[in-house]
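Shared between the two complexes below is subunit A, which pairs with subunit B and subunit C, respectively.
Here is the complex of A and B:
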C-alpha cells in the first residue's frame, strides 16, 4: 500500500506531495520524505566505486523505517521522486514500473505551458493520473 | 516536437518497447506497444516561428530589437526547458558537461530536427561550437548570396548587408533559447549565441558559465 508520493525539485523544493492514507499522519509522511532527500543527496554525491548504478535514474530502497519503505528516483534534470510504501514484499520491478509511469505523468504535467517551472504542480489531471497509478500499483503487487 | 513534411506519411506509429517488466525476465520476448504519435506539419511550424519573429520585431517591440530578441529567447528558454524534461526521460544520468552537450547534439537535435549536429568543437575550457550544416528552420529563407560573398571583408558602412544579416539573425534567438533552456534544465548555466556567416550552415556557440 503506497502511503505517499512526492516530487521534489532540484533545489529540494517540494513540487507535489500527496498522501493516500486516511489517518492524519500527513506530517509524519512529509517528514519522512524530507529526511529521505538527505539519503538521495548522499547516494548521488558519494558514488560507491563498485556500484554500477552511478548513472541510473532509479535509486532503489533509500532506507527502511519502522513500518515504511522509501524508494527514490532521480531524473536527469535533478528532480526527485519519492515513494513511501507500507508493503513488506514489494518487488523491485514493480517499483521501477511505477516510477516509469510516474515519470511519464510528470513530464506531461511539466509540458503544460501554464506551469511555471519551480512552482508546485497544480494540475488536476496530474493528480488523477497519479492516483490511478498508485491504485494499480497496489493491485499488481498483490497479484 | 514531432514534425514531418507533408510528403512523409510513414512515421504514423512508433513502437515503444516496454522495458520495465518483461525484459528483466524474458529478454527475447519484450512486449511492444504501438503508440500513435502526434504529428505537426512542418510548414505550419515554420510559419509560426516566422510569425513570432515578425510580430515581436515589428509589432510588440518595434524599433527595440534587443527587447524583442530577449523576449523571443525567453520563449525558447521555456520550450527548451520543457523539451529537455521529456527527452531525457529514458536515459541514464549524465556524468559531465560534455555528456550533456553530446546529448544536445545527438538525441535532442534529432528529436527536433530529425538530424544530428554535424560538427562539435570545443576548447575544453567551457566553450562548445555546435555546427549544423543545413539548419532546418533557415533552409527556406532566401539570402542574397552575392552580397554575402562580396562582404567577406567586413564593411561597416554596408547598411544593406547589415540589415539582412540582422533580420536573419532574429530568427536564431528562438533556437538559441531552446538550447539554453535545455542545458539549464540539466544543471548547466550557459550563454548561447548563433553565427550565420555561411548559410545555410549555422553554428551555435555555447559558453558555459563556470
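Here is the complex of A and C:
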C-alpha cells in the first residue's frame, strides 16, 4: 500500500507531497522522503553504483526502513518522484508503471499555463489523478 | 553459530533501545548514526539523526543541548523548504527558549512560526506528531502570533520555567529584534527602500518610497517608524496618526523631522507604501540603512533596508504558488530601485575660463591665461589644480610617475604660473604656489567676493609636437563661516595641439653655370645622402623655411652656426637680421641662399646648424619693440658634406641677355686642376635659334694646372628665352661627361636694344 508520494524540485524543495495514511505519521513520512534525497543524490552523482543502465530514470529501491520501502524516479529536468509504500514484496514492474503514470500526470500539471515552474503544485485535478493512480496501484499489486 | 548480518544487528539494537528506553543510550546511538551518515555525506539523514538526538535531549530536559542541535538543523529545512519539518523544529525551539528563559529567542521563533507559509486548517486535533506547537495550521499560526504580540506589548506575561517566574516586557525589560539581509525573520518584516532618482543636487529634495510587508497571519499596527540614513541629519520619524500613545514613546530623537501617516497598519501579505521627500545638504552617497518599527513603547524591530533591485526571495515563500505583488507602483522602481542616491556637488557659481590663443608651437613659451570670475558665489580657500595629460595615452604626463623626468622625456612641461600683482606685499609667490611639476600644478586662489575676478597665466613649453589635454580644476568654499559644507568644484579642459612652427630643409647646389667633376659621384658606392662639394668653389646652400603652423609667424633672423673654427668653410652671409620682420602666413615658404666655400678637403665636413629666430605674429604694433626678448629659435643640423678637389671644372660664360641679330661671345672654359695632362673631347650641337661659329667637335689636351677656353660667336635669330647650342664635354681619363642643364643654357634675346629709364636717370645724376 502506498502511504506517501512526493514531487521534489531540483533545489530539493517539495513541490507536492501527499500522504495516504490515517495514522499520525505524516511528519515521519516527510522525514523519510527528505532523507531519501540523500540516496537520490548518491545515485545521480555515482552512476556506477546505480542500475546498469545509465540513462535509466527509474532509480529503483532507494532504501528500506523497518516498515517502509522507498522508491525513486528522476525526470530529465532533475525533478524527483518519491514513492513510499508499506508493501514489502512490490514488483519492480508495478513501480515502474506507477512512475510512468505519475510522470504523465505531472507533465499535464506543469503544462498548465498558470503554473509557475519551481513553485508548488496546487492543482486539485492533479491531486485527484494521483489518488486514482495510487488506488489502482494498490489494486493491481493485490491482484 | 553464524555471525549476525547488519540488518539483524540493527533490528536487535532498535528493539533493545525501545525496550529499555534509556535516553542517553538512544542519544549515543543516534550520535554514532549521525557521524556515520556524515562520513557518507548523507546530509539529510545525518540531520534527521541529530533531530532525534535533540528530541531525546528535550525529553530529558536538557534544553540547552536540544536548542543548540535544533538551531543547526532548522537551517537545512529553511533552505530546502520543508515547512512541516521546520514547523516541528521551531515548536521545539520555542519550548526550549521558554524553558531556559531566553525571551528574545522565544519571540523570534514564535514570529517565524507565525509567518510560515501554512494556509490550511485541515488537521486532526488529536494528532500528536507535530511537536509541541501542535499541528501546522493557519489557526495555530494565529494563536502563536497573538501569544507573541501579547508578550511584546506587555499585555501578557511569559511564564519562564527555568526560574519559575513570569516575564513581562516593560520599560526596564524592552525587547529589540534585529533583522538583517539573511535573517529568517525577513518574513516577519521586510523593508524595501527606493529613491525615485539616481542623483540629486544638494539642497534639492527627492522622493523616497518605503515599502513594508509582513507574512504574519494577523494585521499588525505600527506606532512609529524611524528611518535612518548614513547621513544622520536626514533621519526622520513617521508617526501613526491613529495612535494616541505615539508621543509617549521614549526616544532621544528631539529635533528630528517628524511626519505623520494616517495609519501604519501592515496587512498580511500586502505592501504598505509610504512616500516622502528627502533633502540632503551633504554631497556623496545618501543611503537608507535601517527602518525601525516600534510597536508599543517597549518593542522595536530594526530592519535592514533593502533595495528592490537586489532583493532576494524569501525562503519558503518563494516556493508557494501565490500571486506576487510588486513593492512599488512604478514598475521601473519596483525592479531597479535603489536604496541609495548620489548627492552631487553643488552647482558652482564661479566661472572658470581658459583663453586659448591657438595651437602651441614647439620651442615656444606658450602662455595660457586662466580666469576665475565669481558669478554668484564668493570664493574662499580656493585652489587651482592644473593637470597636463597626453591625449593619446602614451607617455602620460602625470604627477603619479615615480621615475624622475629627464629633459629628453619631457615632451610638454608646465614651466611656471604667474599672475598680475605678483610683487604685491600681501601674498608672496611662494605662499601661493603650492606645487609645480612638469605635468601638474597647484596654486592657491585669493579670496574673492561676489562679482570679483582673478586671473593667472600658465607658461607651458612644448619640446615636441604633440597634443595634450589640459585639465584645470577650481575647488573653493562658497561661504567662509561654514567650513563643514562641501567644497564646490569647477572643471574645465582644453585640448591644445602642439605643432612645429617651421620646417627647415636645406639643399646644396653647384654654382650657376659651373660644373666641377666630383669623382665620388662616379663611384658605384655613391651615397646620395653624402653630399659632395667642390673644394674652394662657391657652392650654393638654399635654406627653405616653411610655416607649418596655423598662425602667421614673424621671421626675425636666419644664420648658419659653424662647428669649430671658421677656417674649414666660409659661409656668406653668416647671419642675416631682418630689419623688417618677415611675416609668413600658414603654408608660406621662405628661401634664403647662402654661399658656401669649403676650404679643407674633408670627406665628412660638419656644416653646423641653421638657426631660425621667429616669433608668433599676435602682438599689437606697439609691442613690436619687445619681440626681441620673446622670440623662439628653431635649429636644424645641416648634413655633413664630402669636400673634394674636382680634377676638372667646366664653366659657361655668356652675357645675361642678347639682342636679336647682334652677335655675342659664348665661352666654355675647362679647367684642369690636376698635375696630369687631361684629354678632353667636346662637341657642339647646332641650334635653330642661333648661328654659331666655332669648333663643332674636337679633342683637346689641357696641360696640368691650366685651362682651355672654347670660344663661340653666336648670332641670335629669334627673340625671347632661347636655348643656347648644347655643348658636351667628355673627360677621357675619368670617362665622365658634362652637359650643361637646360636652365643654365638659356639666354634672353631682346628684339631690340632695351632702354632702362631708371638706370639712365642714375647715369645722368
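In this text, the second predicted complex is superposed on the first by the 140 of 143 C-alpha atoms of A that agree within 3 Å, B and C clash if a C-alpha of one lies under 4 Å from a C-alpha of the other, contacts with A are read in each partner's own complex, and residues count from 1 in each chain.
Here, a residue touches a chain if its C-beta (ideal position, glycine included) is under 8 Å from a C-beta of that chain, and two chains touch if they have at least 3 such contacts.
A quick note: this is a predicted structure, and the numbers were derived from the prediction, not measured.
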Report task. Please tell me, clash or fit, for subunit B and subunit C sharing subunit A in the overlay. Result -> fit
Query raised in the report: Mind checking the angle subunit B, subunit A, subunit C on Cα centres after superposing, to the nearest 10 degrees?
Result: 50
Requested in this report: Report for A:87: first if it touches subunit B alone, second if subunit C alone, otherwise both or neither.
Outcome: neither
Report task. Tell me which partner A:77 touches in the superposition: subunit B (first), subunit C (second), both or neither. Result -> first
Query raised in the report: With the two structures laid over each other on chain A, which partner does A:111 touch: subunit B (first), subunit C (second), both, or neither?
Result: first
Query raised in the report: Does subunit B (first) or subunit C (second) touch A:120, or do both, or does neither?
Result: second
Query raised in the report: Closest pair of CA atoms, one in subunit B and one in subunit C, after superposing: how far apart in Å?
Result: 12
**Report entry** Contact residues of subunit A, present in both the subunit B and the subunit C interface
**Finding:** none
Query - Complex contact set, residues of subunit C against subunit A - result: 11, 14, 37, 41-45, 48, 51, 80-82, 84-85, 88, 124, 126-131, 318-321
Query raised in the report: What residues on subunit B touch subunit A, complex-wise?
Result: 20-21, 24, 78, 81-82, 84-86, 88-89, 91-95, 185-187
Query raised in the report: Can you list the residues on subunit A that touch subunit C in the complex?
Result: 9, 11-15, 24-28, 30-31, 34-35, 37-39, 42, 66, 115-116, 118-122
Query raised in the report: Residues of subunit A touching subunit B in their complex?
Result: 10, 54-57, 74-79, 93, 96-97, 100, 103-104, 107, 110-111, 113, 117
